[in-house]
Amino acid sequence: MNLIGFENYLWLGSALFCIGLLGVLVRRNVIILLMCIELMLNASNLLLVVFAKMFGNMNGHIFVFFSMLVAAAEVSVGLALIVLIYRKFRTIDSSFLDKLKG
Amino acid sequence: MILAKILILSPIIGFLINLIGGKKLGKVSGIIGTAAVFISFICALLMYRKVVSTGAYDVPLFTWMHISTIHIGFNLWVDELSTWMMLIITGIGTLIHIYSIGYMSHDKGIGRFFAYLNLFIFSMLMLVLGGNFIMLFIGWEGVGLCSYLLIGFWFKNVDYGHAARKAFIMNRIGDLGLLLGIFLCIQTFGTINFNEINSIAAEDLALKASGQLGLFQPYIYTAITLCLFIGAMGKSAQLPLYTWLPDAMAGPTPVSALIHAATMVTAGIYLVVRNAALFELAPFTLDFILVIGMATSILGALIGLFQNDIKKVLAYSTVSQLGLMFVALGVGAYTSAMFHLTTHAFFKALLFLGAGSVIHAMSGEQNILSMGGLKNKIKLTHLTFAIGTLAIIGAPLMSGFFSKDEILEKLYNHSLIIWGFALASAAITIIYMVRVYTLTFSGKFRGTKEQEDHLHESPSSMTLPLIILAILSIFGGVLNLPHLIGGGSSQKMGLWLSKINSLKAIPAHVSHLSHSMEIMLMLIATVLVVILGSLSYFKYNKQTDAELNQPRLGFSLWGEHKFYVDELYHNLFVKPLEALADFFFYYIEHCFIQPITFGSSRIAYSVGQLLRIIQNGNIEYYLVYLSIGAVLVLSLSMFVF
Amino acid sequence: MHLILILPLVVAIIAFFMSHKLVKEFSLAFSGAFFLLSLYVLFQYNPLNYYNFTYYNESFLAGTGGSLHLGLDSIGVLMFVLTNFVVFYVNILARNKSYTSDFYGCIFLMQFALIGVFSSLNAILFYFFWELALLPIYYIVYQWGSGKELNKAFVRFFVYTFVGSLFILTSFILFAIETKTTSFEITEMAKNSLTGPTQILYTLFLIIGFGVKIPIFPLHSWQANTYRKAPAEGTILLSGIMLKMGLFGLIRWLVPFQEESLPIIQKIILALAIFGTIYGAAIALRRNDLKLIAAFSSLSHVGLIAAGIFSYKYIGFQGAVFQMLVHGINIVGIFYIIDIIERSSGTRYLSELGGIASKAPVFSTLAFIIILGSIAVPLTNGFPGEFLLLMSVFIYQPILGAIAGITIILGAAYMLRVFQRAFMGEVSDHVSEFKPVSNADLYALGLIVVLVFLLGIYPQYVLDLTANGSQYLTNLLELKNN
Amino acid sequence: MDLTNIAFIAFSAITLICALMVVLARNPIYSVIFLILTMFSLTGHYVLLHAQFIAIINIIVYAGAIMVLFLFVLMLMNMNANNEPNKSFLWKVLAGLVTSGMLMSILLVYIKNMGDMPIVPTTNSAVGQALPADFGYIKPLGNLLFTEYVFPFEIASILFIAAMVGAVFLGSREKSTNNQ
């Protein structure tokens, strides 16, 4: 029995993704929100790599590469924004950040 | 042909000259206006001769409108009836124009006045000469318009304006009836030409007389004639549309004489006579006319009994006399009605002009309680007014005697009760006319000192028409003497008129009364006049000032307030209409239509408000929505794909 | 043909860029020239040839199924003349005020669009011009309007007319989808036919779309306020000619495509139109603002015209077309009078007016004659049309006809009330400083008065002209109903 | 049970546990540490999956650069304290429901698709077949990146510049307003 079956990776990736989602939903600290988003991104990265191997095709790796790239950019801008918000409101609690109220 | 054109165009040219010339013409305008009408009168006389020699003829001018199968020509129909009316209109019109030269000489708007009068003569001629309903309608509305203009002649007075508007609108109610009648005619007969309609009706009458089914159902005729009669009601001031006529006395007195006594108000009679064949086919309408006419006659006379304004009394008297004419029409005595129309035109014009002369002498005073004893001051006016009074109360051998007697005779023939009512109406007429005469001319003067000093006889331009009209009032009866006096061929006017299409179609009412019965009826009338006349003369002659001025009670108070009909109408029609207008504007417009408009925007707004709750600006909620959405899409994809 | 369409556009463009000083005379001259040109077209017109003056160019708007297909039928040519007449009068009236050149540009642009509306023989082209005609009037109302809550009135006007236009477009598209046709030429469209519920939808949508413009009773609430707030020129354009767009639209785009008769819709619309007639007249009876009275009287008159069209009779069409022309002339006169009163006395409220007749007798006489025309006194132009319309409704349904007839009583009542309160009576404070009416204004009114009598005494000229168009519609309807 | 299986189980366990700890840890600093651990275990997975280059840049970029950035910001804000208020119980239940719903639906999709038609690789390198020798190496990756994906690559550089400028701008603007 080969445990490194692709199904197992699917379970793993999905679980990881859902953990990230749970984190996004329950935490209030915006930084942790961002981290949980990283978790979800990583889950998808993992699956991309899995599929790449499955099909013997390196395109998946390229996508992971780009995904990381975007994640890096996102984090840098996101963190800058968080710093800005923190300076302005002295809080990074997402429950209080409702200035976009319609 | 050319005569008819001149006849029509002459007043309109006079109108245009006077209107455009305006104030520049000054007193010349009176002469121009009079000349215009006089030319028409000459034409009318010449046309009369032509009709005598060659019979009726048609004058087509141009096509006014041609719609599918209906041809509406602008054509004049000159026959015995229209010639007769034409003569009355232009004849009396000329006299009243002459009178107006004197009467209006002090007024600044004299040019405008004569312009309107000429326009009126034009419209009235259109009315009686029109060969089809539309031409008649044009004249019909035209005279209404002129009446409006002339009642409101002194336009600075708001009350006069109200009276004018009331007259126009009440006339319009009648006009609507007439218009609907015209539509019904078009729908039923496919034509609105009088001659064609009359020939259809004549055919139908003949068929029905011979026991056959006829061309059209009786109810169609009833509907048409009722609609036409509503028109006549408005124009001829019959119950319930009579209240405008007394108010119309706001206009200058010559106007009251010409329009509101002699000519315009008789248009209703003319309309019925013109379409007598149709009315003959609708017995219900005839009965209706009879009832309305009788009620109007008595009501008008009763109100006249309690009025103190000399012109108001005469106005109610006109209403009453018109009612009597309609009663005659109701029993099918068309020529009798026309006869009374003619004599009435003479003596009522005379009375109005006499009243105008009195008012002129009294410097505008119209209340008879402030007059009295004018007998010796203005002799000519007194004389002619007395002749007019005698004529209207039907003193023997005056014109009114013959015409009224003829109607009473026909009524007696028809039904005793109707005759009784008519006699009662005539009796009241005697009382109030003698009252007016007595209070105005005999006794002692009750006016102010200033007025007494100012008393003077009117200028000759005013007294000349009075004299002519007085002569006509005395001898007008010659036109249509009863059998008793003149024998079989004496009823010249009846014979003359019976040649017109609509009356030709009607089988003659044969049953004449016996001579003894006729003499009986005449005697009754004479006795009535003598007894009531002298009684009321002495009663009113002896009345002291205190008696005159004491406040009225009970029935006479009601009479003085015209039985509160105006107030009734005001509460019954005007106020609800105003309330309806306000209801439309403030409720339907603001609470119903606008909410539909704003409602749609409000719905969008409130939906937005509802969705706003979701859009609370908190990122967590958005995330939850997003996740739920994702879950839903995934699960749905399971089932769908 | 396309030249008479394009000329106003050229003038509009020039007027937009002209200096403010010259533009007044320039546009007055050109609008007068256009009016004369339109009269020339009218006299050249041969009523026996149904589509005279046609012009066809396929490439225009080709992608949408549109093409530049223009043509004036006898009804269209009448409306064409009326357009030029109204624009001419707007220019005469504007002479008394200082407008910038974009105002004149708007007016000519509108003239261009209106001529387009009345001459389009292609549904898409029609819709294009229809929308184009709305734009300048939006600008005029918004830019030069006055009064409280102008914004609100404007928004309502905008939303109403715009949504109405969308209904028109929808029904055209519906037609195309349902009949699977790609051509929007009127001649091609007439070959196809709608049936069943689609036809009902098509009819209803068009009635709503055109009904807003006319306006038919429940769709009228934009009218009164817009008239009140808009400048006099805008009001004249709106009431004089833009109302006719709706009525014309009904005649051109609804009646010929009525495949089977829809008695229920016909009855409902007739009843609504007649109710609107009475409703407008009753409201006008009690209002104080002259412009409001004129607005509601307009509602009352066009209600009767719509009723005449929906009676689907030859006399109804004839009367409707005649009355469209006459109402255009008279309402221009009435708003012109109101504007003169407002300019000379500074108010247009009845309660503050009175006794103008003693101050300006000639003006009052002219005003009175125009008022007579609008209350349909015989021998004025209002009568023949009203007569035919009432007759047509009466023959369709006597009771409705009788009810519609009440309008002639109410019409007389409110119009005479206006005349009495404003012109008769004692001179009021506002009127005591009544500025003399200029001769040019008097001549302008005089021309209208001449038309009032001309059309009233000899209506047959116009009726002959439109006889062919109306007969065509009647035949079409009879053909389809049998 | 060979070594790779054991490694897989171990790595998976570490990944999941650490990921859970990221979410559950009260102190943000701990969260970051656990996130770094997750990254490391994921790197292990990548190695197992013959993705050596990805594994390396995962370490460098994620566990290195990004995580340092996180830590740095946390330090800057002095947020090591456990001062984050809890969400309401109801909200947590809702979050749990949504999350489990998400998991369920994803798994259902897998199960359904695998049940109906097993995932069949489309290329010739089917599951279990030998991969190319240089699979996951830098050289073929570089080949792909600079031929087929050169355009996205260049775009990515622009993205970076934008992000950099953005970050600098966001960071500096506040300062200038503070100075005034």
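Letters A, B, C and D name the chains as they come in the text, with residue numbers starting at 1 for each one.
The criterion applied here is as follows: a contact is a pair of C-beta atoms (placed from the backbone, for glycine too) under 8 Å apart; a residue touches a chain by one contact, two chains touch by 3 or more.
In this text the structure is predicted, and so the values were computed from the model without any measurement.
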Using the stated contact rule, I'd like to know whether B-C or B-D comes out ahead in C-beta pair count.
B-C
Using the average of all C-alpha atoms in each chain as its centre, how far is it in Å between subunit B and subunit C?
37
Approximate Å spacing (C-alpha centroids) for the pair subunit A, subunit C
66
Please work out the Cα centroid separation of subunit B and subunit D, and write it as a whole number of Å.
103
Report, in whole Å, the distance between the mean C-alpha point of subunit A and the mean C-alpha point of subunit B.
97
Which residues of subunit C are in contact with two or more other chains?
none
For subunit A, give me the residues that contact two or more of the other chains.
21, 25, 28, 95
Which subunit D residues sit where two or more other chains touch them?
91, 94-95, 98-99, 102, 106
For the protein chains shown, what form does their contact graph take: line, ring, star, complete or other?
other
By the document's touch rule, what are all the touching chain pairs in this structure?
A-B, A-D, B-C, B-D
For a test of understanding, state which residues of subunit D touch subunit A in their complex under the given definition.
1, 4-5, 8-9, 12, 15-16, 19-20, 22-23, 28, 31-32, 35, 38-39, 42, 45-46, 48-51, 53-54, 57-58, 61-62, 65-66, 69-70, 73-74, 76-77, 79, 84-85, 87, 91-92, 94-96, 98-100, 102-103, 106-107, 110, 114, 119, 121-127, 129, 131-132, 135-136, 140-141, 144-145, 149, 152, 156, 159-160, 162-164, 166-167, 170-171, 173-174
If we count contacts the way the header does, which residues on subunit A are in touch with subunit D in the complex?
1-4, 6-12, 14-23, 25-29, 31-32, 34-36, 38-39, 42, 45-46, 49-50, 52-59, 61-62, 64-66, 68-77, 79-84, 86-88, 92-93, 95
For a test of understanding, state which residues of subunit D touch subunit B in their complex under the given definition.
91, 94-95, 98-99, 101-102, 105-106, 108-109, 112
Taking the complex as given, what residues does subunit B use to touch subunit C?
19, 22, 62-68, 134, 137-138, 140-142, 145, 148, 152, 155-158, 161-162, 164-165, 168-169, 172-173, 175-176, 179-180, 183-184, 186-187, 577-578, 580-582, 584-585, 588-589, 593-594, 596-597, 601
Across the complex, what residues on subunit C touch subunit B?
156, 159-160, 218, 220-222, 224, 279, 282-283, 285-287, 314-315, 318, 355, 357-358, 361, 365, 372, 377-379, 383-384, 387-388, 390-391, 394-395, 398, 401-402, 405-406, 408-409, 412-413, 416-417, 420, 423-426, 457-460, 463-464
